[in-house]
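Across the two complexes that follow, chain A remains constant while its partner is chain B and subsequently chain C.
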Partner chain A sequence: MLGVLELSYREKIGHWKHGGIVGVFGYGGGVIGRYSDVPEKFPDIAHFHTLRINMPASWFYTTEALRGLCDIWERHGSGLTNMHGSTGDIIFLGTSTPELEPTFAELTNMGFDLGGSGSVLRTPSCCVGPARCEWACYDTLKLTYDITMHYQDELHRPMFPYKFKFKMAGCPNDCVASIARADLSIIGTWRDKIQINHDAVREYAKKGKDIQSDVINNCPSKCMKWDGKTLHIEDSECNHCMHCINVMPKALRPGKDRGACLLIGAKAPIMEGALLSSVLVPFIKMEPPYTELYELVDKIWELWGEEGKNRERVGEYIQRIGLGNFLEMIEVEPIPEMVAHPRENPYIFFEEYFEDDDEEGTDE
Partner chain B sequence: MPQIELAGEMFDVDEDGFIQDPDRWNEEVAKSLAAGEGISEVTDEHWKVINYLRDYYLKFGIAPMVRRLCKETGCNLKRIYELFPSGPAKGACKLAGLPKPTGCV
Partner chain C sequence: MSQAAPRKTDIGPPQYEKFLPPIVKKNYGKWLYHEILKPGVMVHVAESGDKLFTVRAGSPRLISIMTIRKFCDFADKYCSGFLRFTSRNNVEFLLTDQTKIDPLIADLKAVGFPVGGLGNSISNIVHTQGWVHCHSSATDASGIVKSVMDDLIEYFTGMKLPGKLRIALACCLNMCGAVHCSDIAILGVHRRPPKVQHDNLKKLCEIPTLISSCPTGAIRTAMVDGKESVEIEEDLCMYCANCYTVCPATALNDPLNDGISIWVGGKVSNARHEPMFSKLAIPYIPNNPPRWPEVVSAVRNLVEIWAKDARKYERMGEWINRIGWPRFFKKAGIEFTKYHIDDFKFAGTTYKKSVHLKY
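The block that comes next holds the complex of A and B.
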């Protein structure tokens, strides 16, 4: 491995062949096949396939689990890993085709399964959530696990036009970058008042925090006031940016009526340019069994699965057919929260309605 | 390039066992590729899928999307995996003599 990397540094070119289709029986993904283009020089890495292993939500491990994984990989692979891939999977880096099935058998015996690759639901991932964060507005770990189990078929057997990713963030700080790296970004939020501990606010002030300049003046919606004694927040104007909570974590907390905002469509630049996710549902309760979420996801997949072009991400599909048409087909009402600004051009489509007695409108 | 013997003739294949010259494909080739993909006997249902893939490829120059394959053959994805344990791309396309699927797999 070091030999081929050295060669690549000298020649400034990669030495892996194009593509590679390997896998395990029963699954259409999870393994990324890779072959060296200089196998005579470096026979040990002539095959150098990668396995994606579905990680536990938020990457919490016991040493027992990690030792088990290391033992398996030492027996069957290169011993190199990536902890973790950007989507979240544990990456086993480098093995040969005959080792794939035995590795997979040992992994499943230990309770681990492969993650996703190809035109599938990719491995869902989440921030640390309520396990260690007081701002988590829903149980990101539980939802991540639930989605993973609920959609095992979609994760292991490619049937989409292209890949689809979920990421779960407990609050708008978005510590898994869901808004940039998930086709469906689920970001925790609340819809009542920010909880204020006034004594703790005064304590911050006493200890030298300049509340006016560090908090009030930085509020993007200018909905806060501070008279030196009491902090006032006009919650109806608050856009939940998290700044004041981030600055005074001992004094401020998200509200009690918590849930999440669903945003759709993020992707990297290929083909039509990079996209961040945009609002689809401003607020939805996030409690098991997540029926409302799954019903919406099923509708989106049914539509995009049927009409999406080969290798067209859902964000591009929405751009192609228009948000209005998309919403109509998944039966979601258009609302102002979905746009940053109304359109500025007048090229507006209207649906044609013909009354029964409107003879001019029909050719019959 | 590695070569393997299929149905009594030598074929160029890539590392993943996809034949390199789709024009040299025939039914005997498909049968001899089957064992490597976990298929003990190539049944009529297998042929339905293989022939559909082959016809589509010859007509359009690419493999069909999975959804289309399921719809047109009447085999849902579960059935496809029962027939071809390594899946439509690695299993069925290989047996049908199509070029290796590419992209971000």
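The block that comes next holds the complex of A and C.
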């Protein structure tokens, strides 16, 4: 490995052949095949396939589990890993084709399964959530595990036009970057009042925090006031941006009526340009058995699965057919929360119009 | 035929509760507040009064099983055998005994793992495969990340910046990871069109998929020397390499012209300003392994001008929004070129349409 990397550094070019289709029986993904283009020079890495292994939610481990994984990889692979891949998987970096099945057998015996690759549901991931964060507005770990188990078939066997990712963030700080890196971004939020501990606010002020400039002046909706003694928040005007809570974690907490905002469509530039996810459902309670969420996801997959073009991410599909049409087809009502602003051009496709001999409007 | 062995499939990942430390299980969802005690060390206080101390250490992400076992040794010694990794690939040790924090930090430092990455710091660089494992990389990942972090280590182990600064790297514009939404992003780019292997193309590639893989419609069917193949309108090609992703016969890696672009001003959090994409700062810097000195100094320059000029809490993108892009280029000493001006779909939305200008 170091040999081929040194060659790449000298020549300023990679030395891996294009693609490589390998895997384990029963699954259509989870292994990234890779072959060296200089196998005669570096026969040990002529095959250098990667296994993606589904990590436990929020990347918590016991040393017993990690040592078990290390032992498997010592027996069957290069001993190199990525902790972790960007989507969240444990990456076993480098092995040969005959080792794939034995590695998989040992992994499943230990309770670990492969993650996703290809045109599948990719491995869902989440922030640390309620395990160690006072801002978590729903149980990101529980939902991540539930989604992963609920959709095992979709994760292991390609059945989509292209890849699809879920990421679960407990609050709008979005510590897993879900709004940028997931086709469905589930971001925790609240809809009642921010909980204020007034004594703790005064304590911050006494200890030198400039409440006016640090907190009030940075509020994007300008919905806060501070008279030197009492902090006032006009909660109905609050954008839920988290700034004031971030700055004074001992004094301010998210409200008690908690749930999540669902946003859809994020992706990297290929093909039609990068997208951030946009609002689909402003607020939804996020508790097991997550029926409402799964019903919505199933509708989206049914539509995009049928209509999406080859290698078209759901965000691009929505751009192609229009968000308004997409909403209609998945039976979600359009609301102003879904747009940054209404359209600026007059190129409107009307579906309602009058006929000459009609008194009433026709609704097609 | 032999009987197939019983096969376990679709078991999913282990249930996470098996891996939670007892203090986390007990106080799950009942945390009250947290405080950063010093660089890389924070405490979470639960409603029960329990305290959980976290020590965050930098990790190169690409690690051997020996390194993982070393982390396990420390977790056994100090944390009853529990640890976790973060979404930026740092490793976190979870302690209940405050007196063990400094010995753990000393042990980590002794084997080369810096402690930091919390608060107003530069945390780990989210990055990709590079020449270690990917066929489409225009640059390396691990090498540049090591070079940049060596240079900026004071900002990882300290908390002296106005706000958070996130750096990400992707070795091609598939942008695996967080390059399109980071304060500073390092992106591998090509500058030459693919060299089509006409002899092999029909054997290796699906031509319709290949043609539809091009964002600018630069690929056409063509007969070359009696063989079905494609031709590339070089004037329309901007070297994105998506055709190579779907077709091995359109390689475009080029040692002479592949290199690095640098992007600024993206963020994903909603704090203060809405999430923003990163925008182009430097169109091209040649690859210069093993230390990429030009990239390292360009990143340091961007960190320093922001750190000097930004207001408290102001992320790179928020700072640039306030001062304006002309000021940014002037302060950063970066030449503005025609390459900075968008010319893809809806490019016009990025032009300046007012006389709100500074002279």
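By our rule, the second predicted complex is superposed on the first by the 351 of 364 C-alpha atoms of A that agree within 3 Å, B and C clash if a C-alpha of one lies under 4 Å from a C-alpha of the other, contacts with A are read in each partner's own complex, and residues count from 1 in each chain.
Assume a residue touches a chain if its C-beta (ideal position, glycine included) is under 8 Å from a C-beta of that chain, and two chains touch if they have at least 3 such contacts.
Bear in mind that the values here come from a model prediction, so they are computed numbers and not experimental data.
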{"item": "Which of chain B and chain C A:310 touches, first, second, both or neither", "value": "both"}
{"item": "Partner chain(s) touched by A:23 [first = chain B, second = chain C, both, neither]", "value": "first"}
{"item": "Contacts of A:180 with chain B and chain C, given as first, second, both or neither", "value": "second"}
{"item": "Partner chain(s) touched by A:103 [first = chain B, second = chain C, both, neither]", "value": "neither"}
{"item": "Per-residue touch tally on chain A - higher for chain B or for chain C", "value": "C"}
{"item": "First (chain B), second (chain C), both or neither touched by A:117", "value": "first"}
{"item": "Which superposed partner A:33 touches (first chain B, second chain C, both, neither)", "value": "first"}
{"item": "Touching partner for A:278 - first (chain B), second (chain C), both, neither", "value": "neither"}
{"item": "Which superposed partner A:163 touches (first chain B, second chain C, both, neither)", "value": "first"}
{"item": "Touching partner for A:131 - first (chain B), second (chain C), both, neither", "value": "second"}
{"item": "Contact residues common to both interfaces of chain A (with chain B and with chain C)", "value": "17-19, 25-27, 32, 153, 310-311"}
{"item": "Residues of chain C touching chain A in the complex", "value": "5, 7-16, 18-21, 24, 28-29, 31-35, 44, 52, 54, 59, 61-66, 68-69, 71-72, 75-76, 81-87, 89, 91, 94, 126, 128, 130-137, 140, 143, 173-181, 209, 212-213, 215, 240, 242, 244-246, 248, 251, 253-256, 258, 266, 268-273, 275, 277, 287, 289-290, 312-313, 344-345"}
{"item": "Interfacial residue positions of chain A with respect to chain C in the complex", "value": "1, 5, 8-19, 25-27, 32, 34, 48, 50, 54-67, 69-70, 73-74, 79-84, 86, 93-94, 105, 108-109, 111-113, 125, 127-128, 130-134, 136, 139, 141, 145, 148-149, 152-153, 156, 172-181, 213-214, 218-220, 239-243, 246-247, 249-250, 253, 268-274, 276, 309-311"}
{"item": "Chain A-touching residues of chain B, taken from the complex the two chains share", "value": "15-16, 18, 38, 62, 65-67, 70, 77-78, 81, 85-90, 100-105"}
{"item": "Chain B contact footprint on chain A (complex, rising order)", "value": "17-29, 32-33, 35, 47, 97, 117-119, 153, 157-159, 161, 163, 305-306, 310-311"}
